[in-house]
Amino acid sequence: MSTDKNLIRVVEIEDVVLESPSVKTFIFKDSLGSLSKPGQFFMVWIPRKEELPLSIMVSDKKNHAAITIRKNGYGSTSLFNKGKGDRIGIRGPYGNSFSFNKSHTKIIFLGGGTGLVPLIRLLYYIKQHQCKFTFILGAKTRSELFFTDLISKWTKENKIDLLIATEDGSFGTEGYPTDILKDFLMINKDIDIIYTCGPEMMMKKALDLAIKNGIHIEASIERYMKCGIGICSSCCINDKLVCVDGTIFNEIEIQKLTEFGVCYRNKSGILTKF
Amino acid sequence: MSTDKNLIRVVEIEDVVLESPSVKTFIFKDSLGSLSKPGQFFMVWIPRKEELPLSIMVSDKKNHAAITIRKNGYGSTSLFNKGKGDRIGIRGPYGNSFSFNKSHTKIIFLGGGTGLVPLIRLLYYIKQHQCKFTFILGAKTRSELFFTDLISKWTKENKIDLLIATEDGSFGTEGYPTDILKDFLMINKDIDIIYTCGPEMMMKKALDLAIKNGIHIEASIERYMKCGIGICSSCCINDKLVCVDGTIFNEIEIQKLTEFGVCYRNKSGILTKF
Amino acid sequence: MDYDIPIKIAGLNLRNPVIVASGILGLSQSIFNRLYNLGAGAIVSKSISLLPRDGYRNPTIVSVDNMSYINAVGLANPGTESFSKEISKNNGPLIISLVGSDESEFSVIANKFKNLNILGFELNLSCPHVEKMGMEIGDDVNLVYDIIKSIKRDTTKPLFVKVGLGKSDIIEVAKIAESAGADGITAINTLRAMKIDIETRCPVLENKIGGLSGRAIKPLGVRCVYELSKSLRIPIIGCGGIMTYEDVIEYMMAGASAIQIGSLIGLKGIYSIGKIIRGLHSYLEAADISEVKEIIGIVHR
Amino acid sequence: MDYDIPIKIAGLNLRNPVIVASGILGLSQSIFNRLYNLGAGAIVSKSISLLPRDGYRNPTIVSVDNMSYINAVGLANPGTESFSKEISKNNGPLIISLVGSDESEFSVIANKFKNLNILGFELNLSCPHVEKMGMEIGDDVNLVYDIIKSIKRDTTKPLFVKVGLGKSDIIEVAKIAESAGADGITAINTLRAMKIDIETRCPVLENKIGGLSGRAIKPLGVRCVYELSKSLRIPIIGCGGIMTYEDVIEYMMAGASAIQIGSLIGLKGIYSIGKIIRGLHSYLEAADISEVKEIIGIVHR
């Protein structure tokens, strides 16, 4: 078998987990993916339909990898509708990864929606370290919450606090996860780093809070992707290519990205305001 | 650097030995060639002129290889005219090699002209074995003899008899090397194997003598070569491709080659009588 | 191993779809027999011209990286007279490749071969490195039409027309061939290409320009077969860069009824023929495909 | 490192002959600046059409083995209006690639860009996977002539015409371009190609057919440059499969005055630009060549 990660590998879906009415996790055999670092992504081919960038999720099975998809438009729905035994293509892992510094002991994860995926993978990898982890998670409403069971399971063995915000208050705090973050940072002054992934406006607020509080932050930025290998520039933000220079940027890098939280390029490449 | 032996490697001629007025040996750096087995050949590119199959000669220098060329027509003369510092291209080594069986202790080499080259390489490789080597060598006339000094040098340290025939009797026995072989086999009944390379008619006679005397023989067959890699069939003899199935064939194989000593294919592929 | 993956193409029954391409070990009856014994479904001879041709001076075949070659053999071949003697006792599945420069030449050649025990003919319209032969003819659609018509008048044996990516529209040429009575299309031949040695500052091939074959051209061949099979009714033999049984499947899915292998034999040797057939066999078995024709052109469905 | 290997082409002075090809990181001024800072001698933008184009659905870019790609991006681009704003403050060596379907369209586009601080234009006649644009125009020599004439009427900036291996004779198209006033030729673009996934039995690209780039096409590009430089007086920019500085030399020896790199950037990243220039520099120094033009077309001599 070829080991060129850029050649599409067709894999068979072995397991499906329904995370919420609109979110599924697919598990399949893939050694390259099983070795990926937290924050990396696949380009996932849904034959005859689409190819989408998707963060690599955690799988407990050896030599296996997983992806988590939220049903939305054409491509994501086509994928969502796949089931056990169906075949999809993957290439990658692509992109850089979250960094973990062993001197950091107070760590916040801030995520929403499928932005949780890379954070879950990161948590999975570092949870056994002697740190205090706070996982802040947001959703529109209770039924759209997912991964909470997974995190809760881990909280039993590790020092993990799970804080949840729903916009409609149907679960946890009412409001945005950044509201929780703000309050949390008022009380907890010694946070080392925030890892975040999710809606760009959320990450932008988190960045502002981090900078104000002198905390490190790493955010995974999402942009429209075609190639995933730094050739097409569809994913560019300022002079960076999200697919190869990112997707993860720290506060020093992000502060230079004037387009962050302001505008993105649409499919044709036109710079468009959020 | 590439290690694909089929890609032409341009090498610089480091040393030139004038073996006779019309024969030169060129030495150049080439690790692949230095590791070649006795009987293998290079395809040698003379830029802007020709590409010729040439047996790989012995070089004493580490990581070096050598070729010996006799000036004849366009290609060989272009090569002959090259000197120190000039560049040629080589690819290979190609072809199979002479076999050496440790139970063989009485060994004859029979060669003429540049057919001596692979025999010299073979002798070089096996001369330290406790065998009795007889090297029978033929040439038209004294001035066309070469490699005799080299062999003589080795005769001092090893059991090597050197017997020479010239057609005009200007040196050694008058006649053909096969005449010597014939006489030699009458007296020496326990020869194990004959290695031969040179004019096909000489090898044909040697084959007949070997079979008659129940001796093994390995002969290196020459045919017109273009590709050297078994794709063009310009080198075919019956159903064998000399470049990849040969160039060395033993008595069992050769006896099936009805074209051996009878006809060859010319440049256009027409079967032509010798 | 009986090498049996039977197919039917242009009225011919072949024991399997793996054909040895023209110019590949294509000169000797003994070699043809050996290729057959090693599994080949059929064998195409070297392109034969009316008169013998010595071809170009060496280097005639040069490796480029990635399992590819550039060759400018210059259509060296023994000519019609000599070659018809060579194969006079043939009883294997042999297809004679023809090359020439005008109608009358082809007529003489075809007549010389038509009564021999051969499967049929392949017309080489696409040799990219010999002037006034091959490609240059392939680029002249009227000439193509006339030549095919005339060969079809001379013989009832199936005629495959081999097309390539030259200066003209491959689909147009193939359509003309079909309309003139060709029984099948072989696609593709090599593409005009060149390699320069930067150390000695000169082209490597003696003819300077040659034809690119091997791995590099596979995506081009697959595309051509795909497009041709959309526009033609006659069957297509896929050729170009086939190295594995997976490549055979890819060509067949694109629309090829059979395939030819060339460079593979230089790269992996003569036994790769059997290997590819065995691979194909296992694949079809594993995928529970009883007849190979089930997958032909499947991507169009 | 100052990236200085000065060349002059079509009246332009470039600090070095390594140009980033069209469609490669070609949409953003910030990226152009970065490419310049990393050494690029010049940068060609993505091909810009009159109106914005979303291009095809993914997959649009697929790797094939041997350092090659097949892409069918579908000429996604922000359109003339938006892109002229994007580059309104440009002061780097930028060439705008133009694509369109008729004379009038090109005229509007050219007029929009001609007063910006750019080096010149490249006319994309050879995109092999978008109907009624690129290749289909390139195959109509009269249209080619008219379009070039009209662009040259609209602007005095140099115009390069990018040709490819399509259905027509590349040399004929290039000669027409020259006669219509083109200042240089870029050769070659990608070639129509296809990849089928045999497991899922469908083409990988959403558009099914795309353009082959990368290593696989180098011998074709070198050949085209060699043949074009024999037939033309205007300079040629070589493109196709350049992965190393040796490849640059090979193209230049074949007759290219400058070269473009594309797929390399996907394979080896953005820093490969500087690497190739440094390699070129060392080579020229070692070979004691003071001006790169000494080797241009050297194999013809």
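Every chain is named by a letter (A, B, C and D) in the order it is written, and numbering of its residues begins at 1.
Throughout what follows, contacts are C-beta pairs under 8 Å (C-beta built on N, C-alpha and C of every residue); 3 or more make two chains touch, one makes a residue touch a chain.
None of the values given here were measured: they were computed from a predicted structure.
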Next item on the list: Compute the centre of every chain as the mean of its C-alpha atoms, then state which one is farthest from the centre of chain B.
Entry: A
Margin query: Based only on mean CA positions, could you tell me how far chain B sits from chain D in angstrom?
Written below: 52
Checklist line | Interchain centroid distance [CA atoms averaged], chain A/chain B, Å | finding: 67
Margin query: Report the inter-centroid distance (CA atoms only) between chain A and chain D in whole Å.
Written below: 36
Notebook entry, point to check: What is the distance in Å between the mean C-alpha positions of chain C and chain D?
Noted result: 33
Next item on the list: Mind pulling the residue numbers of chain C that touch at least two other chains?
Entry: 64-65, 202
Notebook entry, point to check: Taking touching chains as linked, do they make an open path (line), a single closed cycle (ring), a hub with spokes (star), an all-linked set (complete), or other?
Noted result: line
Item checked: Interchain contacts, given as pairs of chains that touch -> A-D, B-C, C-D
Notebook entry, point to check: Can you list the chain D residues touching chain A in their complex?
Noted result: 23-28, 30-31, 33-34, 46, 52-55, 57-65, 69, 73, 76-79, 82-83, 86, 197, 199-200, 202, 204, 206, 262-263, 265-267, 269-270
Next item on the list: Could you pull out which chain B residues touch chain C in their complex?
Entry: 2, 4, 6-8, 10, 43, 45, 47-48, 50-52, 74-75, 87, 89, 91, 226-227, 229-234, 236, 238-239, 241, 244, 265-271
Item checked: Of chain C, residues touching chain D in the complex -> 64-68, 70, 165, 167-170, 172, 191-196, 198, 201-203, 208-209, 212, 215-220, 222-223, 226-227, 246, 249-250, 253-254, 295, 298-299
